[in-house]
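After this come two complexes, each holding chain A, first together with chain B and then together with chain C.
Up next is the complex of A and B:
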């Protein structure tokens, strides 16, 4: 509920472990890959997504229905986790879930910038972060970016956004605002963690995520051929890269993978990294890093059963499930074959 | 919880006149401490059990059994009372 009071990892972990059992496994994915979008929606209706599919079924159809139901369910589950958590556990979980706040803020800003309908923006929001419904409603009703900045005044995004707003007014591009949001998120992700052994492990996990994100961004930039310096998009806080090494390594996939394999992650992530070495394309690299993070999270969840780590491990697994189902649905819509879709999935 | 234990220790120490040298007083203290320990253990197990039950009601019996398991400590401590 809030960061006050003593923490209750036992309760949250028990609930989260029960929910983990109902995530889709290999078997379900194999079935889903052979289904058409309406069949997927039906399949989801018969499992954990029943409430969302029923609620949205009258307004949307086809792949959109699946997509919105997935988002709604994700938001619901994560909101519930935040509701259950108290004290220290809440603090640790909300750090990670704030990424949905960042996503929502960016979506709203983009919506205003492009004059999109409020309804269109609303369905793209994922209400899983720490913002309550009232703040989200106010964000949706905001008619200018200045108003958005004002609404977020008392959040962690307030100051950075205000600072970036001047840049935005000067250049009329969204990059400074979006960077400000991202930076606020990453600053608070790793700031003043400290604490006991599980928390340190959690911190290492978050750093791994930042590292992989950096590697991925650098590769994307390098592959896109755009004349942009990867160092400009560097996220502080990881331990593997600094600006200079990242710019140097981004040009060469093999070197980058060897660099990661030789690093501290090599010991922990042996198998996943071997896959990474075999990964020849950017997508395969991204999937391998995703799978590596999942494995990492799972391992932590087993080492410290009563701590924040199993909760994070569930959050990751759930996100992965949502992305997998979305990939299947979108792939089917685009007419991809089963094999191609299967190669898009990240299954542990 | 931890504050309670240290408070307990203080009381035990400050009671002059050798209260703790009286066997039945020491046994009573042992039972009390055992109950305190059981309570602390049940706190964690209980909240996990309630969490599991909230997700799946069929876990009620398992949860109940696991929650009261630490009570055995108190029963064993009670044996001491009859021995002294």
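Up next is the complex of A and C:
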């Protein structure tokens, strides 16, 4: 459970493969989209989510129970993967799972900012990242954002948060802090990867994730018409854009769409880009990038069976399962039709 | 009512003055009511449009937030919402429509750009942006609806009041005044007729008395003549 020691991909992959088998497939999703939220909870109770549904059943109900159970299960599964991992495998896995640390830091900061109850903040945390329980407890007990910055000073978020704290104090909005946290995550996602062929493939996947994130943000900026410098939101490490290109393209939506369509991602995102031009909504584009990432992730899992890639592939598939079940339950709650819900699912 | 009025010429003149004033007031109030109704119809059209916008904006916003909650999770949506402490503000001024003071609501900090919403751009998604956009749009429509519907309510109240005043003048005050006027006029005419009749009677009596006197005088003169003749 640390970056120290020798790498143990064989063991982790074996454990992950066993778990992969219990992920929901097409058949389960077909059943789920025809169920009501209580039926979905019941269905989950009879599968891998039993422990979480039973543990949270007395505190939450309806779709909230489903969502909290999904988050708790996700956290348990990823925490277990980190527990099994050692050496290089741990380093490669944790850099992706740190997004949950980023999520938890942002949640705690938001809680302090809005004077929310500690209990309310705690239930919204997803303990799937690298932070141990002690650090999370200290974060929950922090009574000021300054204290949070102090608690995180020995992590990758320490310096960026410290630098952004002055901006936060000046403007009294969380944007600088949130961006600093997310940027710290992305900066460490691709840093000093190197290594063998599976790692290079993993790197390509991460680069695709960064490219898609840059593309999404550029499109959001271009569509919002806000007077913001796209370069401030540029994430280093991707292959599709450099800072100058992104700044130039974000000023013109059409040019940006053409640029993405002409790139190596054009085939995967072509339909979504056409829809974006027609429907004036970024949702389809985000949906397409999610699907493309899942395809990349799935491909990763099959090329090098004993490496970090099947682990990452499982992590992505598990995340997607959680997102799909939540989408079905929330969609049902909102009264969406089965077809509409199915169109929102990303199933591989 | 009419019986309470003393049928004097002075009262008749006072009632005639009141009738003139009331008729003038009635015409003015009728014009005001018609003007208010025309203004109200304009506001009503506007209110109907705003209502329909409100309804569609609400549906859109609800749908967007439902989709955001479905795809990003309720926790993420609540988190994004919690990243902002600052609330939109409204200031109210008033304007005058045909004597009716209606509010004029100015809103600020409703529409926000991506960097003003509190949540970081790097870790959020377009679904949350679209839900926020839709709710900002909805909030602006709600504020406009509040302005238009308050104006509409105030106009309605004023129209009702004016209508009641017009009706009170038309169906109560003016008929009573007309009735009083007629009553006094009739009474005065009756008094005049009685007066003429009385004068005629007096004249007749006077003439009869004069005639009797003349006859008496004639009889006396005849008797004197007879006495003188006998002597």
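What we mean here is this: the second predicted complex is superposed on the first by the 298 of 348 C-alpha atoms of A that agree within 3 Å, B and C clash if a C-alpha of one lies under 4 Å from a C-alpha of the other, contacts with A are read in each partner's own complex, and residues count from 1 in each chain.
One rule holds for everything that comes next: contacts are C-beta pairs under 8 Å (C-beta built on N, C-alpha and C of every residue); 3 or more make two chains touch, one makes a residue touch a chain.
For clarity, every value in this text was computed on a predicted model and none was experimentally measured.
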Joint occupancy of chain A by chain B and chain C, clash or fit: fit
Apex chain A: angle to the C-alpha centres of chain B and chain C, given in degrees as a multiple of 10: 170
Chain B versus chain C as contact partner of A:19, first or second or both or neither: first
Comparing the two partners chain B and chain C, which touches a greater set of residues in chain A: C
First, second, both or neither for A:8, with chain B first and chain C second: first
Partner chain(s) touched by A:181 [first = chain B, second = chain C, both, neither]: second
Minimal inter-chain CA distance - chain C and chain B, angstrom: 29
Those residues of chain A which chain B touches in one complex and chain C touches in the other: none
Of chain A, residues touching chain C in the complex: 63-64, 67, 71, 102-103, 106-107, 110-111, 113-114, 116, 124, 126, 172-175, 177-179, 181-183, 185-186, 213, 216-217, 219-221, 224, 226-228, 233, 235, 281-283, 285-286, 323, 326-327, 329-331, 333-334, 336, 341, 344
Chain A residues touching chain B - in the complex, by the definition given at the top: 8, 10-15, 17-19, 84, 306
Residues of chain B touching chain A in the complex: 44-45, 47-52, 54-56, 59
Chain A partner contacts - residues on chain C that touch it in the complex: 62-63, 66-67, 69-71, 73-75, 78-79, 82-86, 113-123, 125-127, 129-130
